[in-house]
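Notes for the one structure printed next.
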Amino acid sequence: MIDQVFVLLKGWLVNLAPASLQPFVSGVVSVAAIIAAFASLFALTTILERKGLGRIQNRYGPNRVGPFGLLQPAADGLKALTKEDLVPRDADAVVHYLAPLVLVVPAFLALAVLPMGRNMAAVDLDAGVLFFFAVGAATELSVFMAGWSSRNKYSMLGAMRAIAQMISYEVPLILSSVGVIMIAGSLSPEKIVEAQAGFSGWLPHWFVLTPWGLAGFILFLIAAAAESNRSPFDLPEGESEIIAGYYIEYSGFKFALFFLGEYIGMFAVCGLAITLFLGGWRPPLEFLDWIPSYVWFFGKLLSLIALAIWVRGTLPRLRMDQLMGFAWKFMLPMALINIAAAGIWHFTPPGVIRWLICLLLVAGPYVLLARGLIEHNRVAKRVYRYAE
Amino acid sequence: MDFAAKNLWLIPLLPLVAAGVTSLAKRARRRLAAGLAIGAMLASLGLSLIAFGSAMSHATSGLTRQVVNFRWFQLGDGWVRLGWVLDPLTAIMLVMVCFVGLLIFIYSTGYMAHDENFTRFFCFLSLFASAMLGLIIANSLLLFFICWEIVGLTSYLLIGFWFHKPAAAAAAKKAFITTRIGDLAFLLGIVWLYAQGGTLLFYDNGQGCLEQPVLGGLASKVTAGGMAVSTGIGLLIFCGAVGKSGQLPLHVWLPDAMEGPTPVSALIHAATMVAAGVFLVARVYPLMALTPPGVHGPSTALTVIAWVGALTAVFAASIAVAQTDIKRILAYSTVSQLGFMMVGLGVGGVAVGMFHLLTHAFFKALLFLGAGSVIHGCHEEQDVRCMGGLRKFMPVTFATYAIGMMALSGVPVFFSGFWSKDEILHAARSWELSHWPFYLSLFGALLTAFYMTRQMCFVFFGSCRLALGKTTSSEQHSVAHAGQPAREHPHVELPAEPHESPGRMLAPLMILACFTVILGFFGTPAWPWIQHFIEGEPARLDLSLLRDASIASVMLTSTIVALAGIGLGYWLYGRRPLDSQQPDVLERWWPNLFTLLRRKYYIDEVYEYTFVGLNAWWSRACVWLDKWVWEAVVQLVAALVVGLAWVDRVLDEQVVNRGFDESCRGISRGGTLISRSQNGRVQSYLRALCLAAALLVLLLIWGCRSS
Amino acid sequence: MTLSFAIIGAVTIASAIAAMTLRHLVHCALSLAITFAGLAALYLQLQAQFVGFAQLLVYVGAVAILIVFAILLTRGSGPETQPIYSSRWLAGVVVAVIVMAVLGGTILSSKTVSAHVEAAAFEPSVRRIGDQLMTRYVLPLEVLGLLLTAATIGAVILAIQENRPAKPGGHQ
Amino acid sequence: MIPLAGYLLVSAILFSIGLAGAVTRRNAIIVLIGIELMLNAANLNFIAFWRFSPNPEALSGVVFVLFSIAIAAAEAAVGLALIISIYRHRKTTDVEQMDSLKG
């Protein structure tokens, strides 16, 4: 009952409308709901991030606006709305205007296929995962538009970096999810979540709890961080190198839209990660079934966001060549091997044997590749030299 | 068919190999050349002795003739086959040739010791030997002819061995051409025989051209003038023999051939090659003796042979009487002896002729070698009038030479010549057609004895006239050996004492002398072993034959004749010492006759003015024709061709080339025009492509509509 | 439905025209991306979900970006100075019009096409496509993989800079 | 429901537009874009015919389009690489100047 409250609510609203308009109305309703929910989540995330970073950096976060500075996001929003909207003189006005939209809209679209609870997917597409990645592809375009349209070397460079990075990491991202798709035998998020139902003992059948699943999950998270330009892969807007990357020339609400788009994208990817590996809205333990599914989903989402914040606060930024080398020399082979491991897992009978096989198959290459990468990059203790 | 017959071919092959190797050897390899030649000859001698033995063992038994035939090449639908035959004739000739040849080889190592072309000489000698042996063993007229020609070639080469001497070169040419005339007839005979008989093999167990079926065919056929084909063929072949053996019309080359080195004269022009003609006749005797069916008595061919032989014998002997060159005298005596052989063949048969051939081969070789040794000792002096008294200087030569001389002139009992000549005379006496050959032969025998005595007196008796001989000899004689000594033996300074020859030259002389004596006893009427061997029937001793009236009378006559000749010669030349200045005795009595004889009946001149002159005139006429008529025609044709060519060129340049160039230009223009479309621009290609596609679609649609 | 088709079709065609006519290369590329998106929408209308998404993923996500990169690498980002149309543009237009006429005429006049007005209603599942690819079209699939590999290597070799020192792990 | 002809017309129009662009524009990249357009028009044809075919179960059209998309991607990559290398050598992307293959 409490689990299905949102579904019932939506059904009730739809029934109000005349029959001819019902599909349209249902779409509108779910879109509105998603926008509302994730906009607020975005607001929450901003404040949480700032505070978390503050704590990590051993300082207070925003604490002036409202209790504990909780109203800080609202203040930021007002500020963004009221700020003057600057457009460089010889910028390409149209593209410059369109870029943020092209970023935000697909991000929201991507959310449409995620099941955020039992029967709580806006649209249940047969090729949902593919759809997710397809609309995700638009991000790169928007980044390019932003960077190119605003006639600025820094923004151009940022855009180039961002696109290179995104294209490079899109490959491992998709490949690491292929394993799951193979095992679940479907592209639809609903079915994938179905595939992770059930428990053996007190262990849930989450894919993350298999060797290939774990590896895939880690790969996926790394790739996702790179996709959404999160640190330690935030070179496109690395302040110390290129002031703010591809959206230097944006101010006011468009800037806010970029921010929003980025965060929504991050949410979407994390949601997909949850759907693929963490059993979606399913509870980790059987007896916790009474807690509503959406709670589980958003809980997992928040925990992933926390993880992201933690990472951002702690890890240093990579160099460009390290970034690319990591993508092509480590992520890609690992993802491919992971697919092979998933295949073997699928075709060997359950038991300890296949555990061991898959573990070896994943761990061995990991060791080798990581060793090779380290050897390659000559990571060594820094030598200090003092002036006499 | 035993070993000897099977491997008969080895006998000619060995000297051939020797010749080949020697021809490749360098000029300085004298020992090699001589060693090879002599070794090969020795081996051949051994083989031919084996062959002789086998022939002898088979002689009494039925199988007297062993034949090996093989195919040479295909001619039309038949095969040309060659082969060799081993029969008494072959065997005995083989032994003779090998033996005499060997001796002469050994002799010439001494005689040619100082010649710088020693190697070449032995090469030629070996080649000659191989050809001669091949000729002997040949079982096919074709093979026979081939060897025959090679023999002729070697004779040419050896006569002209000192080709820097104009006389030698001329003599070589003369020999070659003269024999050619005979050979032409010979070749015609061969061709005719092949056309008529269909085979050239002598014996081909029943199919050979000397065997009954073919012979009968030939005899029955009749050709122009009511003459049997066999007779015609026989006469033609006999022409070849005439050429080779220097019989009457064609004898002129033989005396001149004496320009060659003396061993050559001994081997080729006394012992073997000239006898080849006789051997040829003996070989094809069945053909010669063939008479048309129904006719009896001796055949036409044999009659001709007999007459020619008799005439030649007297004729040459009479010439020899007046000659002064030692070798020429011997040469003419050779001719006359060959005539005797021919008579023997003609009237008596193979055995008679062959017996004289054998004996003559030995004693004539002996005489020639002796003459050679004389010449050698007198420093290349050849004029008998400038010699004399050599008896003391070279006793061995004198002894052997005397034996040879007595054999030749038919001194009774101890000398082979007597027996063989006696045989011939006896045969001639009992010839039914006419007695003239007999009388002629007698006269020839008389002359022979006479001129041999004369020569002996000139050369060996009296006082030595060598020193002053030098002055006269040069003017007395033609270009025969002008400047010869100086270049043949540069180191011998003239004049000097005549000296005896080295042992290498004397040994053959003595051996030959022995055989000259011995050989006669194998052919006496009492025990005619050789004749019977050749005829192929057993011989037995029967002394009573000697007392038989006819034989005894003939023997008596010939003895008387021989002694008369010797006595006459001694009476004329031997009593008082001779002087080379004063004219010959006969010359004083019958000068005209003597000059006639000395000039050889002017035969050379006659030939000079008739045949040669005709030939020269004809060639001049040909030259004139060539210059004025054919030349003009050729010029005319040439001009015509040039004109044509000019027209052609004009056509070529103006029509063909221009047209071609024009078309080429046109093509290239068109090419450039088309290549405009290939302007390398992608878009134009794409345009054309799409346009074409659209048209295609339209076509398809309309096609569907219409159908 | 018809309305959405009309809108999508209009947008697609308009953006295609824009991609072909705009003076600025980047604009052309962007409007090309819009065309691709419109095509993807048309596929979705034809109930070819998988193909539609694949179209989006490949064309919008990869090809368009590739083209943009190419434009930037060939210094095409600035506005064109020389005329953008080739000297024989008129002929090209004429050809295109002819082709258009032929195709349109064929389509409108063919009875077989006009016969199909109603599509058989059915729900294609991605699973079926997968099965087909793995069973019936497996060999073409393998060949395709080979082709893609070859094309990748070839493109890299073609576009790689000759004058660059071969330094492993260098800045790019 | 839209009849087949509609889709076919749209694809025909797209094809002609792509053709026109490919034939008229100077810039090689735009030519490539035109070609991509033509390709996509063809793909649309495939999908449409598949959808209206008597048995869509065969999915042949879909599979074909998938293949053609993949190949088109490869083609675009190679083509652009070619253009880039040409530009690197001749400092131009004008197809009218790339005519060194003229006959």
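We call the chains A, B, C and D, going by the order they appear; numbering starts again at 1 in every chain.
In this text, a residue touches a chain if its C-beta (ideal position, glycine included) is under 8 Å from a C-beta of that chain, and two chains touch if they have at least 3 such contacts.
None of these values were measured; they are calculated from a predicted model.
Think of the whole protein's Cα atoms as having one middle point; the chain whose own Cα middle lies nearest to it is D. A count of C-beta contacts for the chain pairs B-C and A-C puts A-C on top. In whole angstrom, the spacing between the mean C-alpha positions of chain B and chain C is 107. Work out the mean CA point of chain A and of chain C, and you get 28 Å between them. We define each chain's centre as the mean of its Cα atoms; on that basis chain B and chain D are separated by 103 Å. Centre-to-centre separation between chain C and chain D, using Cα means, comes to 6 Å. For chain C, the set of residues touching two or more other chains reads 50, 54, 62, 69, 86, 91-92, 95-96, 99, 103. Residue numbers of chain D whose C-beta contacts span two or more other chains: 19, 23-24, 95-96. In chain A, no residue touches two or more other chains.
Touching pairs of chains, sorted by label, consist of A-C, B-C, B-D, C-D. Those residues of chain C whose C-beta lies close enough to touch chain D in the complex are 1-2, 5, 9, 12-13, 16-17, 19-21, 25, 28-29, 32, 35-36, 39, 42-43, 45-48, 50-51, 54-55, 58-59, 62-63, 66-67, 69-71, 73-76, 80, 82-87, 89, 91-93, 95-97, 99-100, 103-104, 107-108, 113-114, 116-120, 122, 124, 128-129, 132-133, 137, 140, 144, 147-148, 151-152, 154-156, 158-159, 161.
Chain contact summary for the complex, chain B toward chain C: residues 683-684, 687, 690-691, 693-694, 697-698, 701.
By the touch rule above, chain D contacts chain C in their complex via residues 1-10, 12-21, 23-27, 29-30, 32-34, 36-37, 40, 43-44, 47-48, 50-52, 54-57, 59, 62-63, 65-67, 69-78, 80-85, 87-88, 93-96. Within the complex formed with chain A, the residues of chain C that make contact are 24, 26-27, 30, 33, 40, 49-50, 53-54, 56-57, 60-62, 64-65, 68-69, 72, 77, 125-127, 168-172.
Those residues of chain D lying in contact with chain B across their complex are 19, 22-24, 31, 95-96, 98-103.
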